[in-house]
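Next come two complexes built around subunit A: one with subunit B, the other with subunit C.
For the complex of A and B:
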């Protein structure tokens, strides 16, 4: 059984013009001790999804349907105080910008001790030892616990955020674009720290990212989101080598190859649909080079074969589509409305 | 912040303070000597003959060239000698030393209450954002903040002193009794009864700024990523609000407090006059009315020194409270 299974989750932002369906039917699962990559372009709902699982949405955000079953309990059905018990102890979070995620006027030690003592129930001495141990684990000198966040570099702040996230031995860590704000070399270092700790501590992790290279480097499984929906998911190798959804095919060509093979990068033209009034058919149809009439009229159902899930009407023609998708001309021919 | 970095900052700000005080005292010196009108006329009777007049001018040193007068003035200032009052024939420094504690007590009491109330109410209102209470509380805070002090003071006087007779109408002690030393005043219930109305007027007048400032910064801080993270950590509401949000939102309010303290010493003129409170403001008003130039000059100097000092304190407080200030470049 999975540690976390998200079933048809819907998250809406209430606006004056009506609800914006930021997440509109997301389904995926995370097994204990594995890393799931949650990938998609800006505005596809992946960060919202991460925050919804934590149960800390912005004021206008509401979970409008679906379930989030974590360690056998549906988080959506819990009361706020029950959810608060789980937060950070079983389920923690690494934010995108560690810059603002740390309190600027408190030393790192105070921020570590706060979590370890208030949430972990440790005595001060034990908490101090644990804080030093956590800093060593992420490759920071415990002396730096006496520093303020602004005295840290971006990479160090992100390491400190990881140390904070691991403080109470959670079962699952959600990392929201943890390396996006860092330069490439530091990205690699931070990813290595995360991967190393994940396997040593047998953590499960959701790695939210827009970067296919990060997914290929760090993840076991991947879920590809488009316009609030998970359009394809499965083991990383399987999905990256034999993508079934045209959007995934496009994404794999839109990023430099992880192993440094220089192919031509091909953009996916256009931008995601307005989630205030999402289209009735497949949400990717307007940008898809293989869209047919049916795609525009009816949303494709999710089909699972083995461990590989996809929501595309033409999934059975995937080998042929992949061949066509490899050619830049195919994508250049799409003129989005 | 590192200790040596902070000490260096203190030394630097103290240097600026000395410079500021020197400039203001110099400007005050020039102001009083270049003003139209002859200060000696207030002191000298027109019935004096020319000879007596010249002799008196010489005794004040007013026959010497300006630069020499300036040097004497600065020398006296450094020794704490502010001259002698024309009207009361006592040293100005003594007049001010008597009045200053009253002003400081009034200001500190009023400002502390106003800020304690403003901070708590402002933080509370930040949490009530968009609810009905906002529609009442914010206009109320704004209205009392905008109402002229003398008008507020007179309303309170009319209601609580004249109509109901709960409080004395003015002064710091009952007529005829002696003011006594600072300790005597602070332990005397009569003194506090006299303090009540002027302090209340000031509290009403001063509470708006910390209240609105606290509310605004609190709303801003509550949207910060580290507050979202504090919620994700499952911290108690108390920890989130007090340790993270209020701690960060307080920074500008603390600065405003120190500045307000400095400004109030000079700015209490209106309230001290309405309630006949024997403070620096009232001394200044009486000196101006009576053309008592040495006293007016001394009061100006005192007020500007206090103001400059409190500005320095505000600077240093901010540096002590916010680790990001001034250390960035020094590390």
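For the complex of A and C:
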């Protein structure tokens, strides 16, 4: 059974003009001890999805439907105090900028002790030992617990916020773009810390990112989001090497590979639809070079073969579409409204 | 080919309280018309300060900047105006590079007015540059405000504003890092096309070697204020010579499942490195450091065809 299983989740932001359907039917699962990459562009709903699972949506956001079953319990049905019991202990969160996780006016030790003693119920001596252990676990010298966050480099801050998230031994950590703001070398080192913790602690993670290369490096499975919907998901190798959705195909050609060919890169023209009034058909149709009449009229159902899920009317033709998607001319022909 | 921009022994020293920080030291480089040079390194390596000195947004404390052969190192602000029209910066963040109260038309007319281009030429120039950045028909865009445009469209306007005075040099500092992956390729393709079609000299600054490889034939790698390696980009990536370049290349994530996940050949982090003194600035993180690296800083020297490396390991190595 999965550690986390998200079924048809709907998250709306209430605005004066009506609800914005930021997440509009997301379905995926995370197995114990595995890393799921949640990938997509800004505004596709991936961060909202992470926050909804964590139960930390902004004021205007609310879960409008679906379920989030974690360790056998539906988080959507829990009261706030029941959720608080789970947060940190079973489920924790690493925000995009470590500065948001860390209190700038408190030394790291005080922040660690607060979580370990108040939330975890540890005595001071045990909490001090655990704080040092956590720092070592993420590759930081425990001496630095005496420092303030501003004395840390960006990579060190991100390590400290990982240590904080792991304080009470959670089973699942949701990390929102944890390496995006970091330089490549530091980025790689932080990803290596995360992979190491995954295997040593049997930790599961949801890694929210816009970068397919980060997914390829660190994740076991991937869910590709577009305009509030998971359009494709499966094992990373399967999805990267044999993508079934044209959006995934586009993403794999949109950015340079440092060792690959230097041929023309392929942009996906246009931008995602307004989720206040999402289109009736497939949400990617306006930017898709393979869209047909049916795609504009009717939303494609999610179809699963083996472990590979896709929501595309033309998934049967994927091998031919993949070949066409590699050519810049294919995408240049799309003129989004 | 004569250089559009050239730096000779460029340096910048900041004094903060009692400490002196050598942000850039002894940087020499040149870029010809139609050529693109990449400057690669981590935050704090001096790449942005170097670019700001080349554009004379910052006055160097050592060395010289030559633009089309003329020394502009210490030229006063008022006398720099003609240079400003010919050397343009493409801003990193399109979301705050543009005045939100200006229409696109006014955004593009502003530099023309500043550089004294006759009013009669404005409309034709604006139309031409909008075509170059593929915002067509121009009439559909010119009366809009920045908030009505997507990130990719805004970055096209930012590029148009840089191109409209007719520069010979453009400097782009992380030109796509704030944009979504799906639109980055479009901007990079436009930058490549503008350089090729207009014969511009271009300098790209990034921490991302994959991006640099796509747009630059030649690359310099900077570490703590100094150039540690220079060479044709493809060769530099295929066969890096400096231990830092090797780590940088190994760290670039690749979108493939089968890849090398071995630990990086580098130790510690940037903040562990010595801030001054003698010796190689990379020695504390270098897996090959030897006593000599502590005693003496390696000079940047020729290491084969069009390549330069600053590393003691390279001395005596076949070039």
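Here is the rule we use: the second predicted complex is superposed on the first by the 329 of 337 C-alpha atoms of A that agree within 3 Å, B and C clash if a C-alpha of one lies under 4 Å from a C-alpha of the other, contacts with A are read in each partner's own complex, and residues count from 1 in each chain.
By definition in this document, a residue touches a chain if its C-beta (ideal position, glycine included) is under 8 Å from a C-beta of that chain, and two chains touch if they have at least 3 such contacts.
All figures in this text were calculated on a predicted structure; none of them were measured in a lab.
Engineer: Overlay done on subunit A, so just call it for subunit B and subunit C: clash or fit.
Structural biologist: Subunit B and subunit C fit side by side in the superposed model.
Engineer: For the three-chain arrangement built by superposition, which of subunit B and subunit C touches the greater number of subunit A residues?
Structural biologist: Touched residues of subunit A are more numerous for C.
Engineer: Just subunit B (first), just subunit C (second), both, or neither: which does A:305 touch?
Structural biologist: Touch partners of A:305: none, neither subunit B nor subunit C.
Engineer: Between subunit B (first) and subunit C (second), which does A:84 come into contact with in this model arrangement: first, second, both, or neither?
Structural biologist: In the superposed model, A:84 contacts subunit B only, not subunit C.
Engineer: Pick one for A:155: touches subunit B only (first), subunit C only (second), both, or neither.
Structural biologist: In the superposition, A:155 contacts subunit C only.
Engineer: Is A:317 contacted by the first partner subunit B, the second partner subunit C, both or neither?
Structural biologist: neither
Engineer: Upon superposition of the two complexes, what minimum C-alpha distance (Å) separates subunit B from subunit C?
Structural biologist: 7
Engineer: What residues on subunit A does subunit C touch that subunit B touches too?
Structural biologist: none
Engineer: Quick one: which bits of subunit B touch subunit A in the complex? Just the residue numbers, please.
Structural biologist: My answer: residues 224-226, 228-236, 239, 243-244, 247-248, 251, 321-324, 327-328, 331.
Engineer: Going by the contact rule at the top, pick out the subunit A residues touching subunit B in the complex.
Structural biologist: Subunit A reaches subunit B through residues 54, 56, 84-89, 92-93, 95, 97, 100-107, 114-115, 118-119, 148, 150-151, 164.
Engineer: Quick check: in the complex, which residue numbers of subunit C touch subunit A?
Structural biologist: Interface residues on subunit C, with respect to subunit A: 42-43, 150-152, 180-186, 188-189, 207-211, 213-214, 234, 237, 247-257, 259, 261, 263-264, 266, 269-271.
Engineer: Considering the complex alone, what residue numbers of subunit A touch subunit C?
Structural biologist: Residue list for subunit A touching subunit C: 41-42, 153-156, 183-189, 192, 195, 210-217, 236-237, 240-241, 250-260, 262, 264-269, 271.
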